[in-house]
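Okay, so chain A shows up in both of these, paired with chain B first and chain C after.
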Partner chain A sequence: MQIKPILAAMRRHKAGTILIGFQIALTLAIVCNALFIIHERIARVSRPSGVNESNLFVITSDWADNSSNDNIDAQIKADLTALHQLGSVQDATSLNSFPLHGTGWDNFIRMTPDQIHMTTDASVFLADEHTLGTLGVKLIAGRNFTPDEVQSLTIQDMKGWPAIIVSKDLAKVLFPNGDALGKQIYASNNNTPSTIVGITDTLQSHMMDSDDNAFAYNAVLVPMREVGTGYVHYLIRARPGQLEAAMRDVPKALIAQNRMRIFDPDDGEMTFAQVRAKAYERDYGMAILMGIVSAVLLAITAAGIVGLTSFWVGQRRRQIGIRRALGATRNDILSYFMTENMLIGVAGVVVGTLLAIGINLWMVTHYDVARLSGTYLLVGAVVLLLLGQGAVLAPALRASRVPPVEATRSV
Partner chain B sequence: MFGYYLDLAFRGLRRNRMLTALMVLAIALGIGASMTTLTVLHVLSGDPLPGRSASIYYPQVDPQDISKYVPGAEPPEQVAWIDGMNLLNAKRATRQALMTGGMVPLQPTQSSIDPFRAMALFTTKDFFPMFGLPFKYGNAWGDAEDAGKAHIVVISSDLNDKLFGGKNSVGGTLRLQGADFRIIGVLGDWHPNPHFYDPYMGNYASDEDIFVPLTTSRATHMGHEGSVDCWGNGNGGPEDLERSQCVWLQFWVQLDDAASVSEYQAFLVHYSEEQHALGRFTRAPNVRLRSMMQWLAFQKVVPSDARLQTWLALGFLVVCLINTVGLMLAKFMRRANELGVRRALGASRRALFAQLLIEAGTIGFAGGALGLLLSLFGLWCVRQQPAEYAPLAHMDTPMLLATFALAIGASLVAGVLPAWRACHIPPALQLKAN
Partner chain C sequence: MLKMTHLSKVYRTEVVETYALRDFNIDVKEGEFVAVTGPSGSGKTTFLTIAGLLETFTGGEYHLDGIEVSQLDDNARSKIRNEKIGFIFQAFNLIPDLNVFDNVEVPLRYRGMKAAERKERIMNALDRVGLASRAKHYPAELSGGQQQRVAIARALAGTPRLLLADEPTGNLDTQMARGVLELLEEIHREGATIVMVTHDPELAARAQRNVHIIDGQVVDLAEDPRFHTAYTAAAGQIRG
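Presenting the complex of A and B:
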């Protein structure tokens, strides 16, 4: 295929050529970045929480009267006893917050008491001896809390946390050599050290902001029941297959314990699947939006190519007829238009790649977006070139069917 | 002439329906996507108190200890109880109010309504006049109630509708946190967006149902919610907040002119020096005094996803426009014959250009109308989203006008190049070729 005559012909319709090329470039730039954002969001929502999420649910009890901390503490203990006695319940625990919850308590973790900048940040889960079992999180080293260790305190009464369990990822950040067990860190609000008595397998924190991505798997478990906050979360593991029954039984059992409590009608009782859906709903929304925009953008670009090429074919019927009369085969005509499109496409893709990188660099500085990987550019470029070839096929076939006799017609 | 050109435009559009439909659709999709996201952005970055926001300021002081001092760092975003009370009682601004949010268990007297948790704001008396809250019944409290930790409450009109069927409930009783509170006022319609004064309880579409004096909320152990940042031995325990080294309150002031703003700035520095001399502050005076809109910008209240989506939609619109330029170019050039004949018969270039632009404008108008429907649909979709700002996504008159301006402006811009090229075809060449 001769490229020179194609280039010469392009010079006759510069505006259209530049427009298609530029449209391909912009589409590539936007689609690449959109797909990359989709990829990032999907990677985010599919990260594991470390929690065994099936058969698990959360019920939040707000106290209608929380004037007495002692009463609340006694009530939590009585509630847990009642929950453990239910036939549909396998295990239950009280917590101040839980993985994927979005709100909770995070503390700066320090290695020495007089350290100015934190070493890292971690979720503080006020847990008991049933927490790991209920969440379905295994210990990979050390021991679980004992029932006597679990204190019931308001935050201001805390005099430090002598024993804590940390998540695997936090242990690795603090002690890269893997010798975290038995070491002391400064995790509590006052300057007393805490000894790591256990290390869990992967356990996600409550923090869901993308700013907190670096701390997403940092969790500290403290043997405490917190009172004085006005509410408590119970995490409950139903016996296999009895999730629905447990979710019916638990509120009844709690009301039977004490009527002076409020379950929020919207999020008072949620399966862990609902917790997960809620935690990532914005990411799903963004990914779907980006997907729709990319699809529509590709469709519009394809339609634009079809439209403009059809116009060119119509405009050049006579020339095509002349070429056919002079001996050009149908294939020659077909490949002329295909090659023409390929040339424009390649130029567009080159400009588009630069644009895509530019847009990505701008997003990196303004939004929480990582650097675009080369794969996306490559895939995007191939997709757009194929799209162009596909779009040009119909008008090019029509052009190839122009009969040689067209050369003799004047209009 | 305009009517004739319009008629020609319609004839032109009818000639190649597929191409026309494609152009209208491309503009409509671009406009629909852009206007949906721009409307969301417009709603989110709006002024919560139009006409009033310019004189509302958010002072910050830095009471943290010296141990983690980094020169030039931002002071804390909230104030501690002691500083809040000191600044409040200094009364150096026209008005000032100290506040924090919370959730309070509410037991309705009617047995038909279950107890529920109401969103509450614990504040001081100037909150109501400073932010211009309208009262349907009754009125706000005064100094005596703040000082006396009175068991009084101002409720929202929504709560009044829910509990009292919208009747005047002033003088009635509300049972909060196991204690009786007398209703002294019912608010009118007041839904500032963003929820500027307490971002910790949600930036948008989160309105409190009950307003209780801050002092009373502390005395009755009402649960405070929001961010608590502590240093030193501060532990953030709910009982201890008055004494502990923690910031957890928002303090707003009203300053009516530039002179009082600089005076207040000087007062904050002076206050910091005084506290330093007393030994409470250990850092050099580190104060900020941002206006409300500056504070909202600094807090990055508008979600970054919404901004990202707006850029995406604008990029989308540009591609749609380029697409339309290409198609329009094809369409106009195809009519080279007709245009050549008209030129030969004496039509000026200017007349042809005007005619083609009217045709482009017609496409823009059709695209705008369809785009408007698409953006209404888009906004409906946004409202189905779970984001906290979702219920606010409604088109208003300025955005409606902007939609059409954008659509017609965009298609005219798209029409300029094709029309320019088409009316510069030498007529003789066209006539000869035929």
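Presenting the complex of A and C:
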């Protein structure tokens, strides 16, 4: 090929060459990191909750009067009885929080009563015997709670939790040998031990901060109805295909039980799909923002290449004519500009790769970002080279159509 | 070598048809040195661009080295330009971004020649025009005469069967022009066919044969010895 004379000619057009090369480098560096962030966010968004999310919804009942705790407990029981009687409802449970909720209660888990530093952290779900069935989470070992076990207490009254169910990820953290069932741990705020009576399949915690990623699948289920917080979440599993009907029936049934309650018009009643969307809206937002930034940068770079190459073609019309007169075919001219662009692109990609690694290392040390994988650099490099070739095609084709007689036109 | 029969070239716009060449006939034999003269706008340059396959023609026939060229596609025309024709332009037409060596190399690269052979031919050609020592210079660093010598070297390096020159000394002073002309004569003596378009009567007089073009047609004065003598005398007066 004619690489040597192209390089020689490029030395005479340093400014434009360096400008485009640097633009390609910068675009690669930023786009690689942006794509990596997008990928991380998508990976986060697509991790499983362990919950069977279809046909599931949440309704939050805020108590509108200052009833006594005993009255509230009686109301929750009555509500659940009423919900179980609805034809569109398959199962229902009351909870203090639920997977993906973002807010809730997490406790440090210890193995011994005198342990100062936690072994790990876990969501505490105050549950009942219907919780696993409603969430659609399977027990993989041990037993479910019995109705008699479920106490009704305010947080202040808690005396410890004799029996708990833990998620399998928490069980594995606490007992890596896989013998968690029947073991005692210290999960509550006082120094009474809790015995693990059951282990669930995967179950995500309520925690959504990226700081809590290590604890994302740690959950402790405690047989308890919490009163004295002013609200209760009911999670309801509709019968298959009856989600809409159940979401209409449930508020009516609850109002029929007691009018002194409020359902927030915004998020008082949400399908689990809406819960998920809300939980990850910042991740979606970030992914979309990064996507837009990447697209805009790629467009600007492509436009820059089109612009500068068009300028060069205009500037070199006579030179192209001379080359045609001396025997260059249209393909030779086309490939001249394509090769020229490829050379600038390769230089830009090499610099851009180094820059991308630099930016990533900086983010790794300053922010909670993982190391950039080589795949992104490779894909980014290929995308930018193809983008360059695509952008240069139109002006290069225009150049190839410059007639040889252009060589004889006077200057 | 170069034979045009009833050739015509028409430039068409929406309102007007202009004949640049009309019923144009010329036959240049192998090894001839022909000067094509004529007033401005007579069609000299059009003739040269068609002869060099830089442009297509409208009607008639053109045989170049035995090949009828009107049916050839763009690639075939490029190949003929590259292998059979050497061009020397009034404005030298060197590529300013390339040094002397790379300029001479341009047509050889399009021929797909190996690097070693290219280098040998380039250095021989530059040697021939006396510029071997300037191989690394850029055109802007050379005088007009030197640039035209580089252009001649570029044409020679491909060992073309036909050398087409368009006012090769038009941009040069007398001394430089003489040098270039001597070079052309030397090349001719070695067997090349040269067709040269020129205004310069001295240059035309040095050719073996003059072809005069007026209004897009060949006027057969040039082979008339009386005209030739008168032309030379006139040229002498102008120079004198």
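In this text, the second predicted complex is superposed on the first by the 409 of 411 C-alpha atoms of A that agree within 3 Å, B and C clash if a C-alpha of one lies under 4 Å from a C-alpha of the other, contacts with A are read in each partner's own complex, and residues count from 1 in each chain.
Everything below uses one rule, namely that a residue touches a chain if its C-beta (ideal position, glycine included) is under 8 Å from a C-beta of that chain, and two chains touch if they have at least 3 such contacts.
Nothing here was measured: the structure is a model prediction, and the numbers come from that model.
Of the two partner chains placed around the shared chain by superposition, chain B is the only one that A:D62 touches, whereas chain C remains out of contact. When the two structures are aligned on the shared chain, A:L139 is found in touch with neither chain B nor chain C.
Between chain B and chain C, B contacts the larger number of chain A residues. Of the two partner chains placed by the overlay, neither chain B nor chain C lies in contact with A:V379. Once chain A of one complex is fitted onto chain A of the other, the partner contacts of A:Q319 are limited to chain C, with no touch recorded for chain B.
Contact with chain C, but none with chain B, is seen for A:G327 once the two complexes are overlaid on the shared chain. By the touch criterion defined above, A:A34 reaches chain B but does not reach chain C. In the superposed pair of complexes, A:A82 makes contact with neither chain B nor chain C. Residues 410-411 of chain A lie at the contact with chain B in one complex and at the contact with chain C in the other.
Residue ranges on chain B touching chain A, taken from their complex, read 19, 22, 26, 29, 33, 67-68, 70, 103, 105, 107, 114-117, 177-178, 221, 223, 230, 233-240, 244, 304-305, 307-309, 312-313, 315-316, 318-320, 322-323, 325-327, 329-331, 333-334, 385-387, 417, 421, 434. Against chain C, the residues of chain A that register as touching in their complex are 2, 4-5, 8-9, 12-13, 318-319, 322-332, 403-405, 407-408, 410-411. Interface of chain C with chain A (complex): residues 45, 48-49, 52-55, 74-75, 78-79, 81-83, 87, 89, 91, 93, 95-99, 102, 105-107, 109-111, 154, 166. Those residues of chain A whose C-beta lies close enough to touch chain B in the complex are 15-16, 19-20, 22-23, 26-27, 29-30, 34, 37, 62-67, 114, 116-117, 154-158, 189-190, 228-231, 260, 262, 264, 278, 281-282, 285-286, 289-290, 293, 296-297, 300-301, 303-304, 307-308, 310-312, 314-315, 363, 366-368, 410-411.
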